[in-house]
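Data first, discussion second: the structure below is written as structure tokens.
Just so it is clear, A, B, C and D label the chains in written order, and each chain counts residues from 1 on its own.
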Amino acid sequence: MSSSDQKSISNIGFDNSGQKTPKRYFTKDGNSTVIRSGIKFKDRINLYNEFLNMSSWKFILLILFAYFSINLCFATIYFLLGPESLGIATTTRFCWATFSECFFFSAQTLTTVGYGRISPVRFDANVVASIESLLGLLMFSLVTGLSYGKFSKPKMKVLFSSFGLITKFKEGNAFMFRLATASKYTLTNVEVYLTLALNNIVDGVEKQEFFQLELETKNIINLVLSWTIVHPINEKSPIYNLTINDLKAKNAEFFVSLRGFEEHSSTIIQRRTSYTADEILGGKKFIKIFGYDDKKERTILRLDQLDLTEDFS
Amino acid sequence: MSSSDQKSISNIGFDNSGQKTPKRYFTKDGNSTVIRSGIKFKDRINLYNEFLNMSSWKFILLILFAYFSINLCFATIYFLLGPESLGIATTTRFCWATFSECFFFSAQTLTTVGYGRISPVRFDANVVASIESLLGLLMFSLVTGLSYGKFSKPKMKVLFSSFGLITKFKEGNAFMFRLATASKYTLTNVEVYLTLALNNIVDGVEKQEFFQLELETKNIINLVLSWTIVHPINEKSPIYNLTINDLKAKNAEFFVSLRGFEEHSSTIIQRRTSYTADEILGGKKFIKIFGYDDKKERTILRLDQLDLTEDFS
Amino acid sequence: MSSSDQKSISNIGFDNSGQKTPKRYFTKDGNSTVIRSGIKFKDRINLYNEFLNMSSWKFILLILFAYFSINLCFATIYFLLGPESLGIATTTRFCWATFSECFFFSAQTLTTVGYGRISPVRFDANVVASIESLLGLLMFSLVTGLSYGKFSKPKMKVLFSSFGLITKFKEGNAFMFRLATASKYTLTNVEVYLTLALNNIVDGVEKQEFFQLELETKNIINLVLSWTIVHPINEKSPIYNLTINDLKAKNAEFFVSLRGFEEHSSTIIQRRTSYTADEILGGKKFIKIFGYDDKKERTILRLDQLDLTEDFS
Amino acid sequence: MSSSDQKSISNIGFDNSGQKTPKRYFTKDGNSTVIRSGIKFKDRINLYNEFLNMSSWKFILLILFAYFSINLCFATIYFLLGPESLGIATTTRFCWATFSECFFFSAQTLTTVGYGRISPVRFDANVVASIESLLGLLMFSLVTGLSYGKFSKPKMKVLFSSFGLITKFKEGNAFMFRLATASKYTLTNVEVYLTLALNNIVDGVEKQEFFQLELETKNIINLVLSWTIVHPINEKSPIYNLTINDLKAKNAEFFVSLRGFEEHSSTIIQRRTSYTADEILGGKKFIKIFGYDDKKERTILRLDQLDLTEDFS
């Protein structure tokens, strides 16, 4: 990457007029904080993605709630058609008991279990029941698809150090952070991109500028242990000669994008995080987080120590 | 991209003999307008893709229609076999009532709800019912697969400005257009390709030529706000020194292809649009479409203002 | 690609000792003709791929056959347990009628329709029936997955001209062939690789050599019309100064690999074909296969004329 | 790849402080041997991946076990509610017979077969049964998804020679190994990466260093026969002038990563293996493992001879 690449990028998915707000563009989890207005709800929302990102407990509760509600609706319809449409003798039964019979008949129809102790005998109840059983099958089609989507979504957790460091590196300084995967499966063909947003004075006006930062190593084949990503702060770097306080004054934000191949689901995964100037430490260095087991035969990676640093002596 | 790349590309998926028709090659939605002849229907049509592109309402109506039709067919078969094959006593019932019993028995078999109030008692009805219940399961297998396919298809909507601009840019001119995504999820590793079709006089004959246009920035890591794609019109550009009227006379069409990684479905998506010479404005520039919320903490992107321009002063 | 690339590639997935047989390595459909020995059947065969490549009719027949066979097995078990285990009174029935009752009960259990006119009453029949209904569900799980796999497999048909040409091109000669897609959907980001296998005399011994051939254009953004792939036969080409008869004598085979992005299924597809020396014509050129409709507004691509050539005058 | 690339890579997913243990980082099957500590179980384990990697027999046994256990639970509940809640007359039956009726009723409900000979008559049993039938459908949704995931996972087996060779190559030496696919389908666009881990004396301290090794050919279009991957040991190689015993003393490990496009599932697959210094032979060369059938028309690849070598004469 030549020196000229370190000039402000006029367009990296952001427009560069105006200045950066104090609020970050990406949360630590990598979600965008930008609000989109002037767009129809149905274009903004993808229901499938919402289900995919829902926690499993919410998903199960939603299914239970839908199951109960649909049965309630159909039970009401059967009840209004009259219990004799289901062949239930009403004379010997209370109203509530009849309704509960309707409810359970509905459940037996929706799940297609269809015991047959109660069954539709009149035309109207037959029509409703044949619609309900179709609805049941279609709903469980959807649930099957959604469950598969949720389950099969590649979930490899990538852990990032919760702060970045500006520290001595070779003859100069460097910005660095550390990452590791939590999974026993190996992430492969990993690429990292580091982008910087900064408020600079351009032609006398404070403007927001974006820079693609040069990395010492930007891709690795197998992510087995931890990986420290290093941006050397040389003359070509946009943060050359800036202190951490300068970065704070300029509302600096470092965006991290990671891509890798998750081999067990054979898909490419993408993870993101960001470091604001407040999340950068100076004068520290990372301590290595792996050691050996008692027999000195296997390597142990201590993932709870990803943030462990010591003072630079 | 060197100067020589801006010579006509002899082959970019188009043959270059003959001249371009006034009709565009791609609609605004990116669909091809080319008619394919001399090919069997089954090779031209992919049923699965048809289902995938069908609107959800059409899909549901199709299922309802199929459900009703299949039940009608099987009801007719059971009716012709005679109601006594299903253990229905015919003496006490009208013809229509018998047929409706057959119909609802069919529905109970197809959905495998099988209450059992009516059930096949004779050999022939048993054979038909065992085939119907198998058919039911296979159909709902298909519906499950299709629903999953429809649901899981990455749907991120990419909005393009409805016209392109030819406007001042740095020391010269540039062709530009603008795009943004409608989704709260971020599109990443986005690449844009811009191709131009033009009728030129080559060796005294009007011929259709194609050019891959050079872009100022052709790929970005994260598409967070809006993105203005810029083709600088310098000496290397095939539209150097051409006016918008020249472009109209030459039936110019700019094809836009966008690829990006949709992270929530972990798939690559592709979107396309095209600008004909009639959809290009001169002497205008885009107005920025993002601002801040009241607390000046979050960025707001106004997607309904993607077409907003002002006169170049 | 430099001149040195046109030296024999020592290793492109083939070993280069020995000489090429007259038989081609790839069929016209792109399947390998190589026989693999010394490997266990289960490692050589992927059942899922077999199902995926099976024609739909074979797949349906297989399901019907499996359905019939499984029911026959279970019917035999129920029959051997004795009809009274299913609550069928044997005294008033013939043996065959009893067996058919068992068979249809099995079908009702496997499909989980369970009318209940016949139902297991004894412990042994209950055990068998509860296993059979589980088996039924598992089987239809599999069928659902397989149907989805079959349906969702990207099927875009790519048509290749059935022969290649060696013809005049610019100042020299070129090897060329033509292709087009049969689908109304556009194939994008298409790449073509052309490899040549040739028996050459190396150090006095006839040896098989492989060459990656240089192409005029090896990738295009949108495959809208037909595409003629051109290998210019210049001094760097391994077939420079060779006649078609020379190619026949050297058992030449040109392998074509095409990759592209099928946008409606959002997947990359791969297609292959090969041209042996017998499938190469000289002194011909391709005739363009598209024209305009009556109103001169839309382009028509005539896919049945992909092989149409005329003599070079 | 320039000479400087052959300097130690400071970071390729491994930290380079400390020294390599005698134990390898990757097993022959390509699984990582690193132990991850300090991380919650749920972040370390992906249940879906566990199911995917489970053998088919284990998977089926697990389903049978789950089916039996769930039925046992529900049978106990129905039994405790009292058999009369299911309309079973208790007076004429033994306790065990009643429990087995409850168990089989549960099975009929879970699989939604619902014969109806026994069916819930009281409110409490109805509630339990309607929950159980919902649970049954949800479970079979999951099983459907898991079966599809297991089945559709690309399984192409790649065979690696069980040792590497250090042998004469052109004017110098080379490290080489051999691979082939076991499938009749062709693996395409294959890339191989070779990484070396070595304990070196750096500044007087024994440290672990990593090197990305240069390959003669690192990617091929079609993997049809066998492929010998060659790392030429020239002055730029980190193992220049090292003997096999030197490699053993330095705990050398060669990691192999292979990526390719599996065309029948249209997915990219990844395979890995590693060679320790103990798995390297000297003074041998591979013998070609393909020949022709009796008619000299088709090529036969002998996969059981992948390890076949002869002495270098």
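Simple rule for what comes next: a contact is a pair of C-beta atoms (placed from the backbone, for glycine too) under 8 Å apart; a residue touches a chain by one contact, two chains touch by 3 or more.
Note that this is a predicted model, so its numbers are computed, not measured.
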**Fill in**
A CA-based fit of chain A to chain D gives a rotation angle in degrees, as a multiple of 5, equal to 90
**Chain copies touching (chain B, chain C) - same or different residues, decided at half shared** = different
**Request:** Between B-D and C-D, flag the pair that has more C-beta pairs in contact.
**Result:** C-D
**Request:** For A-B, find its twin among B-D, A-C or A-D: the pair where over half of the contact pairs carry the same residue numbers.
**Result:** A-D
**Prompt:** What is the distance, in whole Å, between the centres of chain C and chain D, each centre taken as the mean of its C-alpha atoms?
**Reply:** 26
**Asked** Between chain B and chain D, what is the gap in Å from one C-alpha centre to the other?
**Response** 36
**Message:** Quick check on chain B: which residues sit in contact with 2+ other chains?
**Reply:** 108, 112-116, 144, 148
**Partner chain D, residues of chain B touching it in the complex** = 112, 114-116, 144
**Asked** Which part of chain A faces chain B closely enough to touch in the complex?
**Response** 9-15, 17-18, 21-23, 25, 32-39, 43-44, 46-49, 52-53, 87, 108-109, 112-116, 119-121, 123, 126, 129-130, 133-134, 136-138, 141-142, 144-146, 148-149, 153-154, 193, 195, 212, 255, 257, 259, 267-270, 272
**Fill in**
The chain B residues in contact with chain A across the complex are 63-64, 67, 71, 97, 100, 104, 107-108, 111-117, 140, 143-144, 147-148, 151-152, 155-157, 182-186, 188-190, 216-217, 220-228, 230, 261, 263-266, 288-293, 296-305
